[in-house]
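Heads up, the next two complexes both have chain A, just with different partners, chain B and then chain C.
Let's look at the complex of A and B:
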C-alpha cells in the first residue's frame, strides 16, 4: 500500500506506468543488451522499485549502463514502461546527486549535451566533446579515456564529420534558455 | 509532393553525409523538403534521462512550429528525433492539460496534430512500386543486412508501422529494387551508439557482434536508416576488428541505395565521408553481366540475317 510521500508515486508519475503491474517474469532482462553488465538488471530493478527501494535503485550503476534501446518496454507482456522507470530513477539520481562515481562520466556526457543545447538551441559536437572532456578530465583523471576521445575527435574532423561551426544557428536562443528554465533543468 | 522537414542536429553535424544522401534521394523522387523554421534540438537521450518535462518540451516546440506552418507531415530522418517528436505528439494529443502546460512553456500553441514520419515511412508514402518504376538498374550487387536498430520500430505503441521484433519494410523495398537482402538475427539489436563517447569498450563489442552476424549470414553490406547507427557501425569497425570482426563491412543509409537505384552515384551521396571505404562497384549501379541488354538480341538477329 502506498503511504503519503511514497517515492514510488514519483517514479510512477515520471514513467507513466504502474510498478505493481510487473509480475517478475524476467523477459526484460533476457532481452537487455546490457543485462550482463548490470548490478541491478531490469527485472530486479522493477522488484526494488515495487518494494519502495527507490533510493537504493537510483544509486545502482546499471541505470547508467542502460542504452535506452527500449527493448525491455517493447517486450514486457504486462506493458510496463521499464525504460521509463530507468529514466525516472536517473532523474531522481541526478536531482539527489546520488550518482555512483563509476557513472560520473556518463552523466557528465549527458549534462554536457544539454548545456550545449541550452546555449545554442542545437548541439555543436566539437564544443560539446571538449566541454565534456575538460570537465571529466578534472573530475577524474583517466589516461585511457583522454587518449580514446582525443583520438576520436580528430578522426571525425579529418573526415569532415565534426564541424567547428554549427550548421545554421538558432535565431531565438533566448527562448531555448527560457524553456530549460521553465522545466527547472539543473545542469 | 511536399513534406515538412526536421533535419535534427546529427544531420547538420557529424552525419552531414546523411543529409546529403536524403536530400539527393528526395530530389530524385520529386519530394520537396520544406525545412521547419528555426527548429531546435529534440533533446535526445540526454533530455529523457535527466528531466522528463524537458523531453516533452523540446519536441513540443518543434511540433508547435510545424502546426503554425500548417504542415500535415513532418519528416525526421533520424529515428531518435522522429521517435521523440512522435512520442511527444501522442502525449499531447491525449492530454489537454499537458497541451496547456506545454503551450506556456514553449510559447506557442501545440496540439500534437502533425504526423511525424521517418525515412522508411516517407518511402512508403511515395510508394515502393512508384520508386521501383523509377529505378534505372537493379541493385544486383547488393546483399544487404537491413539493420533497424532500436528506435526505428520502438516503442511499438508509438511507431506502428512495422513489426517491432521482425521488421521487413526495408527488405521489401530493396527487393523491389533488385537487391538480395539476407536473413539475419541482429536487425533490431541496439548498436549502443547512445554511449559512443561515454562507454567505449561496451560499444565496440556490440558493433562486432552485429556486423559479424551480418557477415556470417552472407551480407556484403549493412543498410541503416539512422545517423547514429551509421556512424557507430562505420567508425567503430577498427575497434571491432581488434575484438575479432573478420572483415570490413560498408555501411549504407537506406537513402543511399534508393538513390543509387534511381541513377545517382557515390559522388552525389558524399561516400568520401565514410570511414570504411565503399567499394567502387558499389558506388553506382550497373547492368548485371548475364542480363542480356536490349542491344544484344538485336545483334543476335543481325547474325541470323547474315547467315
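Let's look at the complex of A and C:
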C-alpha cells in the first residue's frame, strides 16, 4: 500500500506508467545511446524510483543527458514508459530547484531554444547560439569557452550543420504565444 | 416420513473456533424431519464414522447430512460410510461449514447463524434426494497416443508393458520428436540420441504398439472407454512394408542435398525422397511431394525422373499413393503433442504475439535459435558436431546467448517463463567451451531458474569451471558490424549488477526462445473437447491433484503440450498419464457418477439449444419412431457416457425439459426456499 504523499504517485501520474511493472531486466540501459556516460542509467533510475528515492533521482545528472529518443520505452518488455519517468523527474527537478549543477548548461541551452521558438515560432540557429553563449558567459566568465565555441561555429556552418540564413518568423505569432501560455513556461 | 441424521464436525478447532457447534446441533435438531443431530470433534475419523453408522442402524435413517469441510475433501469418505451401513450413498449431503463459513468469518455469532442456514439447506435438499446407482459403461482395451516424442514414446511403452494395445500416431515421418535432434542433455551431459534411440527402436518393434508415422488424428467421436478415432495416413509414396531401408533411393535422388531439412531446422539439406535422420524409426524414406520432380509433373501428364523408383529393388515406391483414413476404437487417449519454439522474426501465427525485429533473426544467418544450435553442436547434426557458424562455416570464438527471448516479455505477448532455457543455455556454454577451448560464451539473463536435482550445481559449473560470462540484463539490439575485416554481431546489452551498458562483439548469437505449443494443437484440443489456455497449452483437470487428467474423461495429457517442461519431468508425466490410463483400462467396465443431465423426451421440443450449449458434445438430436417406423417426434438425448453433469443444458433449456439428476430443480429450489423461511 502506498502511503499518502508518496512521491512515487506523482511520478506515476506524470509518466502515466506503473513503476512496479519494471522487473529490472536492463533492456533500457542496454539500448540507451547515452547509457555509458550516465551516473544513473535508466535501469538504476527506475530502481531508485521504485524505492521512492525520487529526490535523489531528480538530482541525478543523467536525466539531463537523456536525448528522449524513446528507445527505452519502445523496447521495454513490460511496456514501462521509461522516458516518461525521465520527463517526470526533470519536471520535479525544476520545480524543486534541484537540477544537478553539472547540467545547468543543458538547461540553459534548452531555455535558449525555447526563448528562440517563442520569439520566432521556429529556431534561428545563429541567434539561438548567440543568446545561449552570451548568457552562459555572464554566468561563468569563461573566456576560453567563448573562444572554443566561436571557432566551432564556422566549422559547423561549413559542414551544413548550422545555417546562417535567417528564416522568416512564422506568421501567426499569436498562436505561438497561446501555446507557450498554455504550457506555462517560465524562461 | 423422512428420518434425517445431521452430523456436525468440529474439524478440531477449524470449525469450532468460529462456529458454536453445540448451538448449531441444537438448532438443527428442531428442523422437521431431523431424527438426530450430533456433533463430534473429527467426523471423518474412525469414531466419527462409527457414530454415523450406529445412528443409521439405531434410528433407520433415510438421509444423512454431514456438516464439515468441502465435499471435494470428504464426500467420498462419507458416501462409503453410509453405504457400509446399508444406505444408498447418494442419500448423503454435505454442508460446507469450514471453507465457506468458519474459515472466512471472524464473528462467531454470525458464523454460527450462517452454519445453521447452510445445514438447513442441505437438510432441505437431502429430503428430496433419490437413491441412485452409478452408471456402468464398457471399456475398449486399446489406447491412442498422439505424438511420438519422448513423452509419447514413454507413454506408449508403459501402456504396452501394461498389456494394452497402443496406437501411436506421429505427424512426422519418424518418431523421436524434438529430443532426437538434441545434442546432449542437462544436467548429466549424456547424449540425447544414446538415451532416446533405443526407446525409439523398442516402440517400432513392440508387439503391442501399432506405430503410425506421417499420420494425423482427423476426427474423434465417442466417449470415455469408447472413443472412435479416425487417423489420416498421409501419402508417403513409399510402401514401408516392402521397403528395406537400403538407401539406394535417397542417394540417387537428383534433388539430394538441395532441400532444407526441417529436422535440422533448415541448417542441413536433404533430397525429395529422404529419411529425416539416419536413426529414424521407421528407417524408411518418405517422398516430399512438393519437391519431387516426378510427382510435380504428373499432373501435367509428364513422366519425368522416377530415378528412385528405378533404383528400388523392392519396388516399394508408388507415385500414385493417396492419403488413407483409418478408424480405430480406443478406450483412452494420451495427448503428447509437445512444443515448438516461438518464431522470433516478425511473422507470427498468433496475432497477439510480436517478433523481435531488433535481434535480426532471419536477416543475420549467424543469429540462430536454441534448437538450431543444438543441431550445430550435435554429433548427428549437419556439421558433425563441429561448432561452425552458418554464414561462412568459421569456428565461432565468441558466442552470445540471450535468454528469455520471447519468454517473460509482456510487450511481445508471452508472459510465462519457458522454464528450461536457463538450464539448456548453461549446457550450451559448456558444450561450446568443451569444443572450442579458447572460446568465450557470454550469457545475458534476467534470472537464473535452476530448480531441480543437480541443476543449480550445473549452472555454477558452467560459470566456475567452464568460464561462461554471465551478465544480468537483456540485450536491446543486435547489429552486424565489421571489425578488422571480420563480420561480428554487436550485442548492445546491459549488466544491471554493474549498473552499466555492456556491449559484446560476437561471432554468433544464440537466442533461447520461448516454448509454445506445437502447430495445430488447438484444433486437436477442440476435437477432443480438452481445454487450453490463451497460448494453446492444454489444461489439466487440477494443477496439483489431477495433473495428467483433463476435463474430458478418458483423455490424458503429458509433456510440453501441457506446459513448458524438461525431459525428466516430461518422462515422469508421461508415465503418470500411462498409469492413469492403465488404471482406467484395467476395469471390466467404468463406473461414472450418476449425476448427469436427463431429458424429459415428452416435453422436449428439439430446439437444439442444449446441443449447442453442451461443452462435451454429449447431447444429440434423435428421432422417436413408433413401432411401424413412423416419425413421432424429435427430441434431444443425453449420452450418459459423455455427460459430465455440468448443468449448462439445464440453464439454457427454454422448455425446462432437461434436469440434472442429483441436482434437480426441485432440490435446488427447496434449498433456496429453506433460506427464505
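One rule holds in what follows: the second predicted complex is superposed on the first by the 169 of 187 C-alpha atoms of A that agree within 3 Å, B and C clash if a C-alpha of one lies under 4 Å from a C-alpha of the other, contacts with A are read in each partner's own complex, and residues count from 1 in each chain.
Rule of thumb we're sticking to: a contact is a pair of C-beta atoms (placed from the backbone, for glycine too) under 8 Å apart; a residue touches a chain by one contact, two chains touch by 3 or more.
Note that the coordinates shown come from a computational prediction; the quantities given were computed from them, not determined experimentally.
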Which partner, chain B or chain C, touches more chain A residues: B
Chain B versus chain C as contact partner of A:43, first or second or both or neither: second
Which superposed partner A:71 touches (first chain B, second chain C, both, neither): both
Which superposed partner A:29 touches (first chain B, second chain C, both, neither): second
Contacts of A:124 with chain B and chain C, given as first, second, both or neither: first
Touching both chain C and chain B, counted on chain A across the two superposed complexes: 71
Chain A to chain C touching residues, read off their complex: 23-32, 35-36, 41, 43-44, 71, 75-79
List of chain C residues in touch with chain A within their complex: 358, 404, 408-412, 446, 472-477, 492-496, 499-502
Interface residues, chain A side, partner chain B - complex: 14, 33-34, 37, 65, 67-71, 73-74, 86-88, 90-91, 94, 105-106, 108-111, 113-114, 117, 121-125, 129, 132, 148-149, 152, 155-156, 159-163, 166-168, 170-172, 175-176, 178-180, 182-185
Chain A-touching residues of chain B, taken from the complex the two chains share: 9, 12-17, 38-41, 43-54, 57-58, 61, 104-107, 150-151, 153-156, 164, 188-190, 192, 194-195, 197-200, 202, 206, 231, 235, 273-275
